[in-house]
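Naming follows writing order (A, B, C, D and E), and every chain is counted from residue 1.
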Amino acid sequence: MKRKLPNITSKIPPIAAMAVILLGWEVVSISGIVPSYMLPSPVAVLTALFGDLPTILFHAKFTLLESFYGLLIGIALAFVFATMMDRFRVMDQAFYPIMIITQTIPTIAIAPILVLWMGFGMAPKITLVVITTFFPITIGLLDGYKSVDPDAIRLMKAMGASRAQIFRHVKFPGALPQFFSGLKISASYAVVGAVVSEWLGGFNGLGVYMTRVKKAYSFDKMFAVIIFIVIISLLLLLAVNIVSRITMPWLQVEKEKNHE
Amino acid sequence: EDGAQEKITFCLDWTPNTNHTGLYVAQAKGYYEEAGLDVEIVQPPENGAALMCAAGQAQFAIEAQDTMAASLALDEPLGITAVAGIIQHNTSGILSRKGDGIDKPAGLTGKTYSTWDSPIELAVLENVVNGDGGDFSQVTLIPNDITDEPAALAANQTDAIWVFQGWGGINADVEGVDCDYFAFSDINPVFDYYTPVIIANNDYLAENPDQAKAFMEATAKGYEFAAENPDEAAQILIDGDNTGSLKDAEELVKKSQEFLSTKYIDDAESWGVIDADRWNAFYKWLYENQLCDKDLTGVGFSNEYLPQ
Amino acid sequence: MSSEQNKVILRAEHISKTYGEKKVLEDISIHLEQGELVSLLGVSGSGKTTLFNVLSGIIPPDEGKVYLKDQDVTSTPGSISYMLQKDLLLPHKKMIDNVALPLVLKGMKKAEAREKANPLFAEFGLEGTQYQYPSQLSGGMRQRAALLRTYLSSSGVALLDEPFSALDTLTKASVHKWYLEVMQHIDLSTLFITHDIDEAILLSDRIYILNGTPGTIKDEIVIQERKPRAEDFALSEEFLEYKRQIISKL
Amino acid sequence: MKRKLPNITSKIPPIAAMAVILLGWEVVSISGIVPSYMLPSPVAVLTALFGDLPTILFHAKFTLLESFYGLLIGIALAFVFATMMDRFRVMDQAFYPIMIITQTIPTIAIAPILVLWMGFGMAPKITLVVITTFFPITIGLLDGYKSVDPDAIRLMKAMGASRAQIFRHVKFPGALPQFFSGLKISASYAVVGAVVSEWLGGFNGLGVYMTRVKKAYSFDKMFAVIIFIVIISLLLLLAVNIVSRITMPWLQVEKEKNHE
Amino acid sequence: MSSEQNKVILRAEHISKTYGEKKVLEDISIHLEQGELVSLLGVSGSGKTTLFNVLSGIIPPDEGKVYLKDQDVTSTPGSISYMLQKDLLLPHKKMIDNVALPLVLKGMKKAEAREKANPLFAEFGLEGTQYQYPSQLSGGMRQRAALLRTYLSSSGVALLDEPFSALDTLTKASVHKWYLEVMQHIDLSTLFITHDIDEAILLSDRIYILNGTPGTIKDEIVIQERKPRAEDFALSEEFLEYKRQIISKL
């Protein structure tokens, strides 16, 4: 019971800050300093959000599916790459610079090319999500593998463990915390990645919907979609947090200990 | 009717609007289905309908004759052919606030114009402004990121914008913004080129000529219906647009449809026919003004897939 | 102690090892008898850890052989248990799985390994911690758990590399006492590395002094004091005499 | 002399990998499996790059200026925010969630809005670069401040140091390594951020140039610009690396020691 | 030693301190004379570090006063130098700037501070390391540099919290010897915390034993052995006698 108290008090400042921002925004829009097509009021945005919810949800389904598949494939790819790069020094040297290069290519430029190559379906969108998400996860896993105490590996060897056993019992679980740090970054970019690729070519999805409302000058709806995207990104982050807590119960124990 | 239907992807040039009504009518009235075709209408990636068509991701798409020139003039031209003109004449022109003096091209001198920054667009403008005794070098150019032209004019974001009379011009009436307008084709007949055209993938045409003809026949029926029944056709477009972007624009769509119903066929013998003289005249003008590296006379269009 | 007391259980013969151009060990021969506790004293860098790595089989010697109960185990990891300076309990495994890990590595089912490890927790003074995580235990308890794991991983011979150096002075004293009792109880033979002369005298049956570059065995000192040692052995004149003797040799 | 050897051998794998990729790409494009407008050959792209270099450089000037100013402002902002958030717990609680939210807003959606608010000049582009770059730097600085040994601070207090002195002598230099980690991430996004905002509205800059060559179906030029962007991003990264080395000479000393 | 030997330089009177609901220190009174080295022995958690934090002025006591040369310095950091367990040399500063830091903090110009610190490097056996970074020095050298900094930061009184515990056994012995010499040479008075009974006997003039919850001064032991101590003092019967006496009191 007692332990929950600081949790509640720690939520006051962010909520207060948000409230101040929203209030300021509302005042600016109501006062008429800024015309409404430039900055719709929060109330108008919320009205648009709830009024448009069925349409938004319809489109969100596609965006979420793309983000989800993209993230899954990104994780799988990151896992394969990081593990190979950790295992073989040559792979590491060969792929690391290429991975950095992929991150400096503007996605906005390749998204239309991907659509050209892969058509109107989900494939190009998923690919773009994979490109934006696999890098932070790979880096997280690589750092995680490297953070494993070499003495722990020496100990495992002394116990007669095979390479696979060392991976299973020491390297992989040891890399989990950094893997999840990387995944959190990726998760917060996944939805945005899907939206960007939809924006640049597609038929369904929040990105497509946004281009439409933008063309119709419905900035309230546009902001409503932005807010919706922010919310699902935060929910995705929350989900990753929950999974990480379930997957790594020992960290919870350590944290509790430090709070005592 | 039992899944044996041929699948066709049709890529629009923009969000659904009254240029597309015939397609939605053919879809809704079952003309495509009768022809044994399962047509899906999709939207393009940014400015990419021609590419998507050339890449075979769509069999048909919508392009405009002016932007198509660049793709035909490549060393390795895109494999696309215009198979129908959606609207017989160029109905585009310059929209401006009433009373600013931009009711004729020379009035642009000293004013601000929102441009897409395309060489052909600027050359056309230069031609009409200077031809009218104005000075194009004294026109201030700003980037065009405008989607609601009358509103932008009313808000003084710009002084003049290139619009299609059947949409932007009508929209000015609907929104109650008093505007001036002049059309390019009235000023220089060379500019009476084809604006929206239906293009098709060349490989597809070579391999499936009969299917292509069947598709075009059904499409033509759709546009003929739209020409005769503008009000019903407008409603079909609004209902058929699963993007929902037209739902709140019923008045604009209906008025636009009424305007366009007389423009689809206009003075041609039937819908879609491309007048070779006008087509070639414009491409010749492009070539002569170094807006195009190749002489495209006779290139890029065909009337043979239209119903005879 | 048992009647087998004088049976040699671990024997290293003429071990040499060079890293690159640096000779680290030269012609080292040592042995360990059943039930014995022998310590290896030497300054930093004399090659003590390297020798343990060779004995445990995780690095091959350039020359020489290692025998466990007359069987050649040179370069064969997994037959002698090895405990490093840190406890190296895996933070993500519960205590019972940490301790049972050597059994699992040898192919035993997890449930079976747990069953086998479980009763030993009481023996090592760890009853009730089976389903806790390592971070929930004190330093002394973790050290004992690491020792329990070491015990489960082999044939009764343990190599301990500075096992007690991370403990504070007072905890160290109690762990020393406990370790001697356990060793006797489970019939463990131990070879251990230390920097601490007091610790070596207090615990060992014999002390090897490893020194020089490359490291060689400089001396062997037998501590005659009967075991278990008297409470005040560390404060006795005999103890001081041993200390003087060793300091003169280092 | 001897120490340089591993550096050279370590460069063979990445160069080999790049060569394999380029060769495969060239073969695919020459063979005609993929038409050149879908994938121009590397040779064509290089030809376009050198042929178009004057134009590219002209536009690059704008993009680089935007990236540079954006990055500078991003650093300044990150510095102010991180320092305030480290100093006042309430600030930390209030701003942290808001900062995460700003990172889940799709830049592609706000870029046009920024143009609407700020006009067609450099301001909206610089703003977008600031938005994309300030977050990783802030996080880096925050982590850096937190990584400072509290005992070092206690020692400083015992020596009679003021809060400003503690910041100057301990906290700030202690946070530098993480600050530079964050800056590296930001630097690799800065140019891309500028390109995206140009793409969505403007007259000059690489993003504008890309939309232009794309309209002309000059995919070789488009790829040339992408490659150019990758190269300047890598150069920017290199510059940050050099600055970080000069700023933190003690890390060099430590590294050399570990290599001995 | 000087004639001022018996002058009290640091005095703490009736210090009490409570954290939340936990009383950590109760009515502690201790003193330190000019040139004296006094150690504070006590089990973990008895409040030794807390007492030092109070003496150095970085936390205020609930009750009691701290006097430096009869001047009240309670809750006034900066007047007594304090060296923590770790050397805490700042990795980003060159050795000379690390050492001169206390002078800079007091407002001296960097160049002047360097000039003042420079000659002391030789005195502390650190000649030639002025423009190196801390990472380039060995543990023993770093410890001496930290001590030099401590010396420069004050009026000749140093509080050292477990200053030698991070050193290995052999390095520790040489640092002990060196420290006693330096102390005498620069007329430093030292109060230091240790866990290690041997170390306390070896170095101290007097030993305070701090124990219990809340921590109180349980005893004060005076080591009569003359200083500098004989080479083999640690191996002598007198030494053992002191050790027995302290153990019985802990």
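A few points about this structure:
Simple rule for what comes next: a residue touches a chain if its C-beta (ideal position, glycine included) is under 8 Å from a C-beta of that chain, and two chains touch if they have at least 3 such contacts.
Not measured: the values here are computed from a predicted model.
The set of chains touching chain A and also touching chain E is given as C, D. Of all the chains, the one whose CA centre sits at the greatest distance from that of chain E is B.
Ranking B-D and A-C by contacting C-beta pairs places A-C first. Ranked by how far their CA centres sit from the centre of chain D, the chains are topped by C.
Averaged Cα coordinates give chain B a centre that lies 41 Å from the centre of chain D. Distance from the chain C centre to the chain D centre is 52 Å, each centre being the mean of its Cα atoms. One simple way to say how far apart two chains are is to compare their mean CA positions; for chain D and chain E this gives 48 Å.
The set of chain C residues touching two or more other chains is empty. Counting only residues that touch two or more partner chains, chain A has 112, 116-117, 214.
Shown for chain B are the residues that touch two or more other chains, namely 46, 51, 55. Pairs of chains in mutual contact: A-B, A-C, A-D, B-D, C-E, D-E. Interface residues of chain A, counted against chain C in their complex, comprise 149, 151-152, 154-161, 165, 169-170, 173-174, 176, 248-250, 253-254, 257. Across the complex, chain A meets chain D through its residues 10-14, 16-18, 21, 38-39, 90-91, 93-98, 100-101, 103-110, 112-113, 116-117, 188, 191-192, 195-196, 199, 207, 210, 214, 219, 222, 225-226, 229-230, 233-234, 237.
Those residues of chain B that touch chain D in the shared complex are 46-47, 50-51, 54-55, 67, 70-71, 74, 76, 78, 117-118, 141-143, 145.
If you check the complex, the residues on chain C that touch chain E are 43-44, 168-170, 195-197, 235, 237, 240, 243-244, 247. Chain B makes touch with chain A in their complex at residues 9, 11, 15, 42-46, 48, 51-52, 55, 57-58, 147-148, 151, 155, 243-245, 248-249.
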